[in-house]
Structures are given as structure tokens and as C-alpha cells.
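First the structure, in the form of C-alpha cells, and then the observations on it.
By letter and in written order, the chains are A, B, C, D, E, F, G and H; residue numbering begins at 1 in each of them.
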Amino acid sequence: MTLNVYLSGEIHTDWRDQIMKGAAELDVAFDCPVTDHAASDDCGVAILGAEDNKYWHDHKGAMVNAIRTRKGIADADVVVVRFGDQYKQWNAAFDAGYAAALGKSLIILHGPDHAHALKEVDAAALAVAQEPAQVVEILRYVLTGALPQ
Amino acid sequence: MTLNVYLSGEIHTDWRDQIMKGAAELDVAFDCPVTDHAASDDCGVAILGAEDNKYWHDHKGAMVNAIRTRKGIADADVVVVRFGDQYKQWNAAFDAGYAAALGKSLIILHGPDHAHALKEVDAAALAVAQEPAQVVEILRYVLTGALPQ
Amino acid sequence: MTLNVYLSGEIHTDWRDQIMKGAAELDVAFDCPVTDHAASDDCGVAILGAEDNKYWHDHKGAMVNAIRTRKGIADADVVVVRFGDQYKQWNAAFDAGYAAALGKSLIILHGPDHAHALKEVDAAALAVAQEPAQVVEILRYVLTGALPQ
Amino acid sequence: MTLNVYLSGEIHTDWRDQIMKGAAELDVAFDCPVTDHAASDDCGVAILGAEDNKYWHDHKGAMVNAIRTRKGIADADVVVVRFGDQYKQWNAAFDAGYAAALGKSLIILHGPDHAHALKEVDAAALAVAQEPAQVVEILRYVLTGALPQ
Amino acid sequence: MTLNVYLSGEIHTDWRDQIMKGAAELDVAFDCPVTDHAASDDCGVAILGAEDNKYWHDHKGAMVNAIRTRKGIADADVVVVRFGDQYKQWNAAFDAGYAAALGKSLIILHGPDHAHALKEVDAAALAVAQEPAQVVEILRYVLTGALPQ
Amino acid sequence: MTLNVYLSGEIHTDWRDQIMKGAAELDVAFDCPVTDHAASDDCGVAILGAEDNKYWHDHKGAMVNAIRTRKGIADADVVVVRFGDQYKQWNAAFDAGYAAALGKSLIILHGPDHAHALKEVDAAALAVAQEPAQVVEILRYVLTGALPQ
Amino acid sequence: MTLNVYLSGEIHTDWRDQIMKGAAELDVAFDCPVTDHAASDDCGVAILGAEDNKYWHDHKGAMVNAIRTRKGIADADVVVVRFGDQYKQWNAAFDAGYAAALGKSLIILHGPDHAHALKEVDAAALAVAQEPAQVVEILRYVLTGALPQ
Amino acid sequence: MTLNVYLSGEIHTDWRDQIMKGAAELDVAFDCPVTDHAASDDCGVAILGAEDNKYWHDHKGAMVNAIRTRKGIADADVVVVRFGDQYKQWNAAFDAGYAAALGKSLIILHGPDHAHALKEVDAAALAVAQEPAQVVEILRYVLTGALPQ
């Protein structure tokens, strides 16, 4: 059993690296959005032509990024969504809702301060973790049955 | 043609009333979540028994509210999601993602300040409005073909 | 919003009546399996002809009952499954799994003694109640936003 | 043709080993839940943190196990569900219902004593067997057309 | 509960009338194909223009009839398919397969002589009856729980 | 049986009126796009604000119109798409493809000159007509079994 | 592009071999039912135990065969169904209906004598051929664009 | 992540080659219709027999081509549809609608002159490009995160 895991959400810390390194020996295929913030913001206009209006500048980029996000979520067995300490991160919550509606197994990753604000998102999840290492342990258990030592 | 419209998101202003009044003469059936904040937070423990742990207190409430939310979105032709000026409103973005994955027609309602933060959500929408009156005009046009005077 | 509710499971107590009476003033359409135990067991052979072999006797009845059960679950927004104190009640757990896979909102109803044995079933539910009155309160809250007094 | 087979249900006898050994030369990819009872019960709290309340202890474990179960059933062509002589085994019946609703080919495995109690579950199956060796023969026939000697 | 029932298959005896009369007092909405053989054969060319080639003559008719058949099966909860004593009746078996793939509850109606030839069709059914009156009894039982006197 | 029929495509002749009048006594519920060309082009900017760029002007209108189109096609049993003598009418062909992928019964309406260019579209249809009156005859036959006199 | 092709229907001539040999150099993965008539009839009782009643004897076999048939059709891009000169072949028509409802590309293979009786089945097909060699040519064209010499 | 990309539409310029060469080093699997115009027009009659009537000549070809088109679109993550300067190209718009209804990520490729006529098609797309090189850049960005230099 290969597990396809999509890592959505916060892009300002190295949580994806932690999970991918921690799960390196497991049969997991990871996918994630483009995490280069500037490239992600500008991809639409850089490829398809400049826009005078900032709204359409953003829009073209969001649409191009959606090609990758939709594919990543559609192919995933498990979608991990991390909420960081800063920013609105509405795209993270959107991805969580999108994945939930498709019946994907959701793991939500956030600190305890966000618990109340994320209660509807957490309610759609099969696991709510605080640390990337816990996500690794879940993946290990799901694939091998081994619990943390 | 009756249009089923679900009004998701911000609960601290009267935007739902504005839309429902504005569309009173149209063939629209509106639905929305429970918008009494205290009831919404406590419904789980009030009905199913108290929890010592705040996390599970919230969780039980979020699950009971999900019965209504899922039904409302599943039955909807159009899902309107409003983002207000305050709070994280992750449940609103979650609903938008959930509705998008089900192929519902999305209308997103927010002020210009949130445009960049909501670009991925807006990119999944068929209309992005700033005022409740614009949502009414969209519903009127969709149902009758009449444009605003 | 009319809520379609299917009442599955235990047939030896009056829990369905309690819920239907308690919810009499709510906009709920209830459905349930045939709860006459003898009729339910014998419907296949009574209509389609006797069988020498008890296995096929049972099988013909289970198939005819499935016509009603599938329709009831398919049409439901909410599926309530009650586990009583006695018997294996595998058909109740089967209905819960069937409803879960279709994305129905599940409410599981059972006494505390069964909590461990039902943990996988409860994990698929949006509410786990112990008393029929609690199911009524959930339906009332979902439809009206009113909490118990 | 590779057949994906998920082996659900009873975990106290070696029936899975019997089937996997018997089908060793066939083009079958087997999957199953974590069958270490203690690990399965405690995985939630071991990874995600202890709970004072036994209900939530169980719940967290059931949710983590569901990540594996859902993936296993979703990927399966055939779901075999065995009911043993003891315990309630509601999770087995739940899995059978879940698999049936997804249109998976079901094989139910149980002794004759359980025939009446399992009649609704059996009625959803394409085969009802009493011995693991019969499941092997079904897989061999389905893949090769060869009947038992 | 209103049951939508589609009556497919043999058009040379009055079995549909028998069922509709027998079920007159039940909450059933019946639908069926056009049963006027000549109209059914010629509808394509009569409306859309003559064809020199008999194959296309037949084809145009079959396509127009499919508009009704698809709607009838798609809307049905229960599809009854009768096989008479004569003719190939491949359209009946086609409808049965079509309905089975959509997860409709199938009732197959035929005399004992056809049992072996119809075994794959019967295997997809929830009931196999020999007489129209038995179909009426099934509908009565499914809707009311009453067995034949 | 009420038939839901969506009338897509050409907006410069009165073909919709001919069909609706011709089918006035039949149990058909018709729906169609907004056929006021100017309103249809400008609805986006009229409601949601002007755009300097003609592309986004058009885009906003097309998105608002899509709310109606998607609802109309999703609710339809039969989608009639007419191709007129002029213009590219790519939206008509798009609607035909969209409806085909959803499994709707398609009726294509066009003059003989377009037959070769529309062969892929016609190939997805259950009927290809040249005159609105033929569409009426199809609806009459489908609903009543009556052929043209 | 690998094309998955399921070969359903008549089992008394070597048409499957003709197609498989003719398409040997193409990127096609073929699947088919068990074509050993005796094994196919008896597989149920041979594996799962004898039945006194011929009906249940047949039924058990048909159910076991359905495990293979459903998998084969579900995995197929193209389903070829051949109708021979003899027998009722209702299982062939059933498979055609089943495949049609799943949106598979159907190729029907039969002699001209059956054209009228198969008109509804042919109407669901993308190609109607008379000879196995034509099916090979279709597969070659679909995969390579080459027409017969 | 391998991206499956289907290239639909205009067949008179080398845009497919440009995209395939430009993306040669990327993990993309391309598919497309048969682009030999004469073969595409005549495949039906060349394989399945001549037709006197040009309509059925075209029809048989369109149906055979649909086997390839449906497979290509069904397997695709991204569907690119190009509209050239000439011809009606209704099959291109049909493919775009078909792909949109299946939830595929659409990229539409056309010159600025067609913008108004294609506004409904463009409104269903995640990207609208003018040059094949832009499509290559989108694929590169989606797969690697790299923007054009």
C-alpha cells in the first residue's frame, strides 16, 4: 500500500520538510502546492501576461495554482492541512473543505491557540495534530501498524 | 425555476437579512447555519452532555452543526459565503471549499481589503461581490434576466 | 427545510415512537424498516414461495427488506441507528456503514456499555446519543436553532 | 488482472494468513486493518496525546484507524469480511455496509450459527463462505477459471 | 414514502395493467416505456424523417425511445423487468443491466423455464417473481409492512 | 412524468417560443438561458462593477450567466441545443458537451448545412432535428406515446 | 495509452481469440469472463457447497461469476459484447446495459439477422460490427490512427 | 507527479508538436485525437462498411472517434483546447464542455479575436493562453514551480 499524501497550508516554516524527512522510509508519495510565495503570487501574469488591476493579477495566479492543487488533492488518500500562527490562511481552510467534500482522510495540524477557531475544520478530520512529528507517526502507524517508541 | 441558496459565513452583521429581504419577491429558498453564536458553540454539550475538556466541548458542537451545514450545502444550487472584517472565519472558507468540490455555484462576498487573502477562494467563485445588494441583483438576474435599474 | 430521517436498528423497544412523537411539530419526514419481526423474517417466502433450506428462506426475506432499506437510506439526510442491549444487531451496523459511505449524517444511539464495541461506528457519526429524547433535541436544534430548556 | 482484496473483521484467529498463504501464487494484492488489538485500541492517544475520558481515548484511536480502513476498502475490488464466534464485531458489519454502498464485491465468511443474524449482511454479498480455504478457491476461480480439484 | 417503479420488458401481455391495478391503493408512481409496438418501432422516422436503410430506421427509433427509458430508469427506486415466453427481449436484459449499474432495486419477473438462462440477471435482483401479483405483494409489503393474507 | 427540458443555443430566432407553444399542453417544464443579448453580455459589470478591460468585462458576465446555465442543465432530463446559421455559437457546443458528460438526453437542432461540422455533437445526441416542430413531436411521443398525425 | 478492453458475450466460437491475436501488437489489455461453460455453471456449488434446488445452484454460480464480471467491466475503457446465433444470451445484453450505464464505450458485435432485435443495444454503442476483424481494426485505429489497408 | 494532458481542438497547425517538444523534459503524458483529417472523417465507413447517406457516413466516423476522445478526456488531469482561426470547430467547444462537466482543469488556447465569442468557454477554464509556449510554461510551473526566465 502506497499512501498518497497532499500537504496543504502554511508555507513559512519547514513543516513539510520535517514530515517528508520523518517519513522517508515509508511508502508515501507526497505532493504539495508551489511553496515559493512570490512565484505563487505572480505565476499567472508571468506566464499569461500582465494585468493592470491587482484583482485580476491575483486571480490569474490563483487559477494557475488551482491546476496543481486540484490534481494534488484529487490524487491524495490523505490531505494534511497546516494552519500557522499568522495570516488568514483561507486557502488552507478552503483546501480542507474541498478535500472533505471529496471524502479524503483529513489530518489537521495546528497549535492549541487555534482550536476554537478551527473547530469546524477539525470536526471534519480523522486526526488533529500539533506537531509535524505526530503526522509522521500517524503515517507510520497507518502503513505499518507500529506505534511510537 | 426555484433557486436554493445557502448563506454561509459571517454572523455578526445583518447581511443575510438584507439579502433575504431584497430577494423577497424572487423564487428563492434560502437556508443558512444557526447564527446564534452562543447556541452554535454550546449545542453539542447542551444536548449530548457536558465535557470537561474545551476541545471536545467545541467538537461536539461543531459536529451537531455539521448536520445542518451539510444538508444546507448539499441542497443548494448557489452557495454565498461572506467574509467579514474580523475573526479567522475558517469555517466560511471551509464551506466554500466544500461547496466548490460539490460543483455548487459560489458567490463570495467580502470587502476589497480581503481580496488578496481570498484570491484562491474567489478563484473558485462565479461571482465576487462587495455588497449584499449585489447578491440580490445576481439572484434577480439569474431568475428573471432583469438587470439593476 | 424538511429533514428526511431514517430510523434504523433495534426493534424491540419503542424508541422510534418516542422520537416521532417528540418531533411531531418539527418539519421531519421519518422512515424506517418494517419493524414487525415475524413479517420481516418471513416476507420473502410468504410472497415469493417457500424454501426448504432455512438459509434461502432468510435470504429471500433479507433481499425483499433491502428494497425498503435502500430506499429509506438513499432518501435520508440523517440516519439514526440504535443499538439495543441484546442481540448481534449486525444489520444495524451494516446500515450505519452503508449510510456513512453515502455521506449521510449519522446519529448513533446506544447505552454507555456499548461505547467501546461501537467505537468505529461512533467515529463515523456526527452525534452519539444515549436517549431518544436527545435525538429529538438534535433534530429540533438542526431545524430551528433552539436548544433544550 | 490483479485483484485488490481487503480482509476485514475478526482478528483473533489466523484466517488472514490462511487466505494469504493459500493465494500466494495468485495475482492478488491483499490489504487489511492493523490486527494488533492493543495497538489498534491505543494508537490515537499514543500518537496524539492522552485523554482522561475513555470515550475520547477510543474515539481518537478509531479515527486514526479509519485512515487505513477507508483507503483499504476504497482501493479494493473485493472485500472479505469475517465474523468470528465471539464479540459484537460491529466494526466488521460496518465495513461490510460501507463496502456494499461503494459497490465492492463482498465475500462474507462465517460459521453456520451466525447465518440468521447475518442474513442482511449476507444478502449484500456475492459469496458466503464458511472456511478461509473457500475464499482462496473463489479468488483462484475468479482469476484463473480453475475449480477446486 | 412514494415508491417510483419502472416497468420494463415484455409488451405482449397485460402484466403492467395487473400490477398497476393491484397496486392502485398504494403510494406508487409507475412509469414504463411506450408499449405500442408499431409506434415504438417507427417513432424515429415518423418524427425525424424516413430512412432507406432499415438499420438506421430502427436506430432512430431506438434513440428516441431511449429518451423515455433513461428518464424512467433514472427516476425509479424499483425497476421491474419482465421476460415473456417469446422473442429475444434483449432490450429487457439491457434495461436490467443498466438499472443494476445505477444501483436500482431490481425485481425480475419470469416463468420457471427461463430460470437458467436468466441466472445472471436474477443474481442482480432483490426479488425474482413468477406472477405480477407477487410484484404487487412486494410493493405492498415494502410500503406498508403487510404480508399477503 | 414531468420532463425537464433545457433549451440552449441560438438566440436570434423564435425557436424557443415555437417549442414552448407547441408543447403547451404537455407535462414539460422548460428552462433556458437569458436570451436578451445585451443583458447577457453586460450582466457582470452592471451588477459587480465596470472593467476597463473588455476581456474581464466579458468574463464577469459569462460567470454570472453560468449560474443559470449550470442550474438549468443540471436539473434537465433533456437538453435541446440549437445551432443557427450565423455566428460561432461555441457556447452552444460547450453546453452540448457539458450536458453529454452529465448523461443528459441531448436533442440537437440544426439545418442540413451544418451536418458535417456538427457530426461530433450529433453523435452524442439521441435525436437530431431540423425544425422546432420536430422537437415538439419528440416531447409529445416521449410523454404520451403519440406519433404525429 | 493502454486500452482496457472487456470481451463479453457469446462463448461458443473463437471470436475472443481472433480479436486477441489480431490485436497482439497493440497496446491493449484484454479481460473476459470465464468461458468454460461447465465451470461457469458449477463454480458456486463446487466451491461453496451443493444445493438441492437448481435455482440456488445457478444463483451461487452467477454470483461468483459476477465478482469477475464486475471487475472486468469496471476496469474497462471499451466493452465489446458479442451476440451469437443461438441461445438467449441475456447475460450479454445485461452486461451491455451495465457497461452503458457506467459510461463505457460499447462495441456490439453481431450478424445482420439480429439487427432489429438488438436495436436498443446497438443504440447505446459507439460501433456495431459484424466481424471480429472489424473490432481489431477499431482498436488499431483508436490507438494508432491507422485505417485498414 | 505525472500530469496527463489531453490536447483537443484545431488540427491544421503544429501547436501540439510545439507543446510536446517544449514539454519534452517534463513529467507529462500527452494524448490527443487522431489528427489525420481524412482518416478521422472516414474511419467509420472504412472499418464498418460504406453508407450511401453522407449523414450516416459522418456519424459512424464520429462515433468511432468518440472511443478515443472519451478515453483521452476521462484519463486527463488537464485538457487543453485550441481554437484556430478557421472553421466552426464545434467539436473543440464540445470537448471543452465535456471536460468541464467532468471537473478537468481546462486550458483554452486562442487568439485575441476570438475572445468575445469564446467567453463562456474561457469562463470555465483555469487558464486562457494565446500561444502554445504559454501552455508549456503553465505545465512547467505546475510540475516544478519554475516561472519563465
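Keep in mind that, in the parts below, a residue touches a chain if its C-beta (ideal position, glycine included) is under 8 Å from a C-beta of that chain, and two chains touch if they have at least 3 such contacts.
Model, not experiment: these values are computed from the prediction.
Chemist: Does the chain G and chain H pair touch with the same residues on each side or with different residues, judged by whether over half of the numbers are shared?
Modeler: Mostly different residues form this interface, as fewer than half of the numbers used are common to both chains.
Chemist: What's the farthest chain from chain G if centres are computed as the mean of the Cα atoms?
Modeler: It is B.
Chemist: Fitting on CA atoms only, what is the rotation between the copies chain C and chain G? Please report it in degrees, nearest 5.
Modeler: 180
Chemist: If contact pairs are compared by residue number, which of A-H, C-G or B-D agrees with B-F in over half of them?
Modeler: A-H
Chemist: Could you let me know which interface, F-H or B-D, is made of more C-beta pairs in contact?
Modeler: F-H
Chemist: Using mean C-alpha positions as chain centres, tell me how far chain D is from chain H in Å, no decimals.
Modeler: 44
Chemist: Please report how many Å separate the Cα centroid of chain A from that of chain D, as a whole number.
Modeler: 31
Chemist: Quick one: report the Å distance separating chain A from chain F, using the average Cα coordinate of each chain.
Modeler: About 40 Å, centre to centre.
Chemist: Multi-chain contacts only, two chains or more: what residues does chain A have there?
Modeler: As it turns out, chain A has residues touching two or more other chains at 63, 66, 103.
Chemist: Which positions of chain D touch chain C when the two form their complex?
Modeler: Residues of chain D touching chain C: 54-55, 58-59, 61-63, 65-66, 69, 83, 87-102, 114-124.
Chemist: Can you list the residues on chain D that touch chain G in the complex?
Modeler: Contacts found on chain D: 1, 3, 77-78, 103, 105, 107, 125-129, 134, 137-138, 141-142, 145-148.
Chemist: Of all residues in chain C, which touch chain G in the complex?
Modeler: That would be residues 51-53, 56 of chain C.
Chemist: Looking at the complex, which residues from chain D come into contact with chain A?
Modeler: Within the complex, chain D contacts chain A at residues 31, 34-36, 39, 42-44, 46-48, 60, 63-64, 66-68, 70-72, 74-75.
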